[in-house]
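Below is one structure. I have some questions about it.
Labels for the chains are A, B, C, D and E, by order of writing; each one numbers its residues from 1.
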Amino acid sequence: MAELVLSEIFKAYGATPILEGFSATIRSGQFVSLLGPSGCGKTTVLRIVAGLEAVTGGRVEIDGEDVTRLPPERRDIAMMFQSYALLPHLSAAENVRFPLRMRSIAGREEQRQRVREALDTVRLGPLADRKPSQLSGGQQQRVALARAVVSKPKVLLLDEPLSNLDARLREDMQVELVEIHKTLGLTTLFVTHDQEEALSLSDRVILLNQGKIEQEGAPKAIYSAPQTRFASSFLGAANLLPGTIETAGLVRLEDGQSIALPSTVNARGPVTLMIRQEDVEVIPEGTEGLVAQVRARIYLGARSRHIVSLAGTEVRALGAGDRDFPAGSRVSLRISPDRIQILAATSVEN
Amino acid sequence: QSITINSFGGAYEEAHRACIIDPFTEATGADVQIVTAYSADAFAQLRAQKEAPQFDVIHFSGGQEIVGAQEGLLAPIDPASLENADDLYDFAKENLAAGEGPAYSIASIGLLYNTETAPQAPTAWKDLVGGVYGDRLVLTDIANGYGMLGFLMINQVSGGSIDNIQPGLDAVAGLLDDGALIVNTSPEIQQEFAQNDAVIAAYASDYAYTLRKAGLPVKFVQGVEGTPASFITVNLVAGRVNEELALKFIDISISKEAQECFANALRYTPTNATVELSEEVAADVAYGPEAVAGLIRFDPITIEANRSAWVDAWNRTIAR
Amino acid sequence: MVSAVPAAWRVAGWIFVIAIGIFLLGPLVVVIGVSLSESQFIAFPPQGLSLKWYQAVLTDERYLSSAWISLRLALLVTCAATLIGGAAAIAIHRRSLPGSQALATLFLSPLILPTIIFAIGMLMFWSAVFGPLTFLTLAIGHLMICIPYVVRTTTAVLADADPFLEEAARTMGASRLQRLWHVVVPQCLPGLAVSAFFCFNISFDEAVLSLFLRHPGLTTLPVRIYGQLEFSPDPSVAAVSSIMIGITVILLVVIDRILGIHRISAT
Amino acid sequence: MTDRRENLILILPGLLLLCVAFFLPILRMLALSVEGEDGRTLAHFQRFLGDAFYLGVLWRTVRLSLIITFVCAVVGFPMAYIMARSSARVRLWLIVMVILPLMTSVVVRTFGWMVVLSRNGIIPELARDMGLAGRSFTLMQTESAIVIGMVQVLLPFMVLTILSVLSRIDGRLEEAARTMGCTFIQTVRAVVLPLALPGITAGAILVFTLSASSFITPSLLGGSRIQVLAASIYRSVTQTLDWPFAAAQSVILFSGILLVLIPYIRQQSRHRG
Amino acid sequence: MAELVLSEIFKAYGATPILEGFSATIRSGQFVSLLGPSGCGKTTVLRIVAGLEAVTGGRVEIDGEDVTRLPPERRDIAMMFQSYALLPHLSAAENVRFPLRMRSIAGREEQRQRVREALDTVRLGPLADRKPSQLSGGQQQRVALARAVVSKPKVLLLDEPLSNLDARLREDMQVELVEIHKTLGLTTLFVTHDQEEALSLSDRVILLNQGKIEQEGAPKAIYSAPQTRFASSFLGAANLLPGTIETAGLVRLEDGQSIALPSTVNARGPVTLMIRQEDVEVIPEGTEGLVAQVRARIYLGARSRHIVSLAGTEVRALGAGDRDFPAGSRVSLRISPDRIQILAATSVEN
């Protein structure tokens, strides 16, 4: 049980600023994931929480205690490194046992016990005695994961813990993680690139961009109501359509076609419409809907993505896997008004 | 035209140049290559290079010439081929035929003591073992040529003989119990005198002079029981091409002028009967037939025969 | 911030370093002191100050020629040893040769046997087979006692190298030589740098081999110093040492200024 | 060209040189060890091994070498670690500091020690003034003197070897350890030390062999009353001119050292495996 | 242009066999992805193709030439390592330039040019002079990717090239990869954990399990018609329902409810039904469909997953993000017969 508070964190490597006034509060037992483009500073945030990086400014608190100057080992945290950082001279089991030994948690026998359990949860029981160099990428990653969770710390920091695991294993691991998090009520800060992972696992999502928080909130909120252009385009790569509102509830696109808006809207002038891929339904050309042309179709198994050109802009539509309109064919797009979000023309710029 | 010799380095080498080498070069026009090597090292080199020796003439101060002769590393010398041979005392040219070169100077071993700090000025070897000097007495390891002679002398005055060194060993053991120090090399003697107020040591006359030149108040006395002598020989190396040059060099080494020069420079006792020395110099060396006759020479053959065993025994005695 | 070292430990560390410093440098202070002494003999504290011994050394053409010989020798040996030893070390590290561990030990043997035995053996062997000694003889002698250092340090440095790097280079078409040069060498650079230094120092300070494997034209500095000490020990030897100390410091600093040893020592 | 051939080519120059320029001569020398007046003999070995005195010398040699190695390791590792962690500039000066002793001719250096250790030396004087010792108290010509003097010269071999290994360790490992609750010192013990092991081993091997086979410093600081094997060998070669015995002693020294080394070398290979 | 043929490859690390008779043919210019659970031997396959691992048996051919014994540098391939294997002492740009220098491709100037381009395609232009240690995980991965493609080799081997990139960047990179692959017609062997990635990018998918090929074929085929239980459960984690066919076209589940089958089926007896998550539609409880109870609902943003229990077995349903039935509620499941696959009871065992 630990509340984690980061306030006004500044961090720069030499001249290049990485974090510029990053603030976040993670309530005890919360599972928060950190999303953001590559190189935006996610790992840096974790390292600062862990106490591995000295901050240029700001303070870190755990349970109300200022730990900004506290060395890592004095903070009750566990961190899984993006590069695993397994100790090459120790076997998988010894690596997992390491934090227990160092924190002298439990007696020899129980340590063994817990190590065995941890390794089993990551499905590596049989390989316990291998040296890291004898493990595959994914196996190494799982050892690192086991090592991070085994000591049941107050705060758990995970840096892309599942990036090298296949879909099925990843799902299992996600379940395990949730389990652990639930049962132990760890405060967890989770960095991932897999949006669905982030959205499905976490209580809250923090969207980081260029060292600043773009948006944060509950998964659903952040996904369905992105506040900035970045947020919208980063999460689920939504379509952005330029247009003009002339008569209430109707947007005229550049090619003259028009889309109905939710009745609530009564703005005027140039706007940008934000429409999620999955909210664009591709149907056979007909009277209904907007006319568009299929540029390409990408098979994704469970679903398929059509890239169509609508009013000169490229629009992506994500639909059931069986929907199949060949490239070049003309189709209609059905978009239900209440799924359309409006970014005022001004906000387009930011 | 050149020959290769060994010399003992430092001041010795300078004197060597001045008194022998330069005259030789003048006389013959041949130049001399010097390897600075102490007897032991030089001999080791000579022996190892048996197949292709690099020395033409080699100097020894520790009796190595005897072994060298036995092993045929050195070439016999016909006295007739040396003009100055006749002027030499006999003992200096005994085994020319065997291959042992002539002795061209003698280091006489006596007592070095610090004239200022010594509780009493020694006169005899007995004084050494008297226990007067306690831990300010410096002995020299018998691995060192001079050390060997010094020890044999101590042995003698302690009632031993060249066939029985036990008394000597016991005496040494006693001295060590009093805290006497054993050193291996001459520099250490100097350091003991300069640094650690050692007051007395059994060593060579020439070194006393070196120390004095270095500014230490050290005097050299010959023990009344006699003065063991270490012969410095100049030997002809076997299996080299330009023999007559080498012989010429040896000849000059034993010449009157050379030896006077040497005695003046380093206080070595000449082996050439015709040498004339000044008072001051004469005081430091054994000068004149009777003085020279007074020199003790422990039978080098026996020494060589027993060296290994003695060193062994010595080591055991002194080992901590 | 790996160096999140508790203050207490920092302090302890510095005290430790200073203590070691005193231990290492104390005697050298004495040496320098002696070299400044007026008096004829080696004594401390120096009696009166003068630079005459430096003058004596720097004007004594025999010291200078010996120093020159030693320098040439050391440089040659250093280069050769680092090359040959480094190559051997890499080969041993890769472990593709049978009994590479035995090989490693083999390369150590010149260290294990007292130099004098090697010296005599070399002398006998050389004069029996090749006849008169040459500069080369001594160089080879030194080479043999230097290579072990190179092999040891370099294999040690390579021990925890990332095996993938070389493989990656191969998939990128790096020929064997390129691989060595662009991937392996950078990895063992610290080792090579250190062992190069060792070699230079060993060769420059080595006395026993130099004592036996020399000929009139070939007297190295250490041998010269012994010759001096044996017969007329005076502070000049201390002056020589002091000069060497000075040169070392200056050299290191200069080299550092120019191409930055600290970068090498930091790799 | 196969990898094996490449490595062969890499190692060949060294190997050839080693065989031609080292083993041939050395064997020629060591062959003497079994030569007596009348043909082959083990007399020289018997003389050594059958003699408590020489066995004592051998034992002292090994013992001292081990002590020296131990001291060097204990002092050298922290030293190296401090160097590795300090700024480049500081590191440079520390390196200078560590290697300077190597730069003085051994005899001169020994004199330095003499000034510090012998009767009128600084340390005994101190001891005397504090009434800890009598007038004749001296550290010269004691085993302590040998250890002290040898450590001073051999330390750089240990420190620099370890340093070169430390400088290649991935810092993230230490960080990871810290996040797993290692205190600074635990990190050093549980992570740095094991990873530096190859360096420590290599350094130890160098130091051990060097101290076991060096004779000048021991015989100057230890005096002839405290003999080590190498000195005794030197003596047999140059003074008593008993080369066969010298050879025999060398063979014994060689095998002695090898015996001590093998486990080390094993350890290193295991680490790399 | 190069055809890659692996025939009967055997590989073992010490005693443990990794590949047991792996055979595959990759036609010139094909883009083949290698799918499989963590530790199944994917990397090993790549390493063997690259010539980094000696095989215990079998042969590798490139363009009909047997290269089994050929050293890597003599094969015109490029490989991207799972652990990047960037040269630490070289900057990003130098790393990318490395293969060009080694293969001495093009002159200095052009090399620079190509390096610049490569770095730009992976969006790292500005960081060209950074050392790997100064780059974030994803940035390092992109450097490795750039380094792999810059030399335009015959055969391109990619080991999870995008695992550390965020969704948007990953999509861009996928596009770039396809571009490169199209324009240069490289033969590409691609290891990934992201199924949609595999399905969308590749001409052919090889499904690897325990060192053997489970199934291979076109993405669509392999996804919609898995032949083994493993294949079906690994790809898109399909639901497996035990049941018995009594009357033609009808399967009785254990709780007595029955599902209609495609008319074509006329088998009898116990069977296992394979139904994909996205083919199970969750609808409000009513007359139609099968009765089930919601266990959990997982929000995935664009879609949402319901885990319901049907006839005692756990069934996963993947539907639009807005579908939301709270846990515990009773619902109906609609499953269209033609989406049901039948694994004969026998084949259940394998």
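Operating definition for what follows: a residue touches a chain if its C-beta (ideal position, glycine included) is under 8 Å from a C-beta of that chain, and two chains touch if they have at least 3 such contacts.
Because the structure is a prediction, the values reported are computed rather than measured.
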What chains, if any, are shared contacts of subunit B and subunit D? C
Applying the contact rule given earlier, which two chains have the most C-beta pairs between them? C-D
For subunit C versus subunit D, what separation do you get between their C-alpha means, in angstrom? 15
Measuring from the mean C-alpha position of subunit A to the mean C-alpha position of subunit C, what distance in angstrom results? 56
In whole angstrom, the CA-centroid distance of subunit A from subunit E equals 21
Note: subunit D residues in touch with at least two other chains are 3, 107, 111, 115, 175, 178, 183-184, 195, 237-238, 243, 271
Using the touch rule from the top of the page, what residues of subunit A touch 2 or more other chains? 51-52, 71-72, 83, 88
Shared-contact residues (touching 2 or more other chains) in subunit C: 4, 6, 42, 44, 120, 124, 160, 176, 226, 229, 267
Per the contact definition, I'd like the list of subunit D residues that touch subunit A in the complex. 170, 172-173, 175-184, 186-187, 190-191, 194-195, 197, 271
Touching subunit B in the complex: which residues of subunit C? 39-44, 120, 123-124, 127-128, 131-133, 211-212, 214-217, 219, 223-224, 226-234
For the subunit D and subunit B complex, residues of the former touching the latter: 53, 56, 107, 111, 114-115, 118-120, 135-136, 141, 219-220, 223-227, 232, 235, 237-243, 245
In their shared complex, at which residues does subunit B touch subunit C? 4, 8-13, 33-38, 41, 44-45, 48-54, 185-187, 190-191, 194-195, 210-211, 213-216
Sort out for me which residues of subunit D touch subunit C in the complex. 1, 3-4, 6-8, 10-11, 13-15, 17-18, 21-30, 75, 78-79, 82-83, 85, 88-89, 91-92, 94-109, 111-113, 115-116, 152, 155, 157, 160-161, 163-165, 167-169, 171, 174-175, 178, 183-185, 195, 198-199, 201-203, 205-206, 209-210, 212-216, 229-230, 233-234, 237-238, 243, 246-247, 250, 253-254, 257-258, 261-262, 265-266, 268-269, 271-272
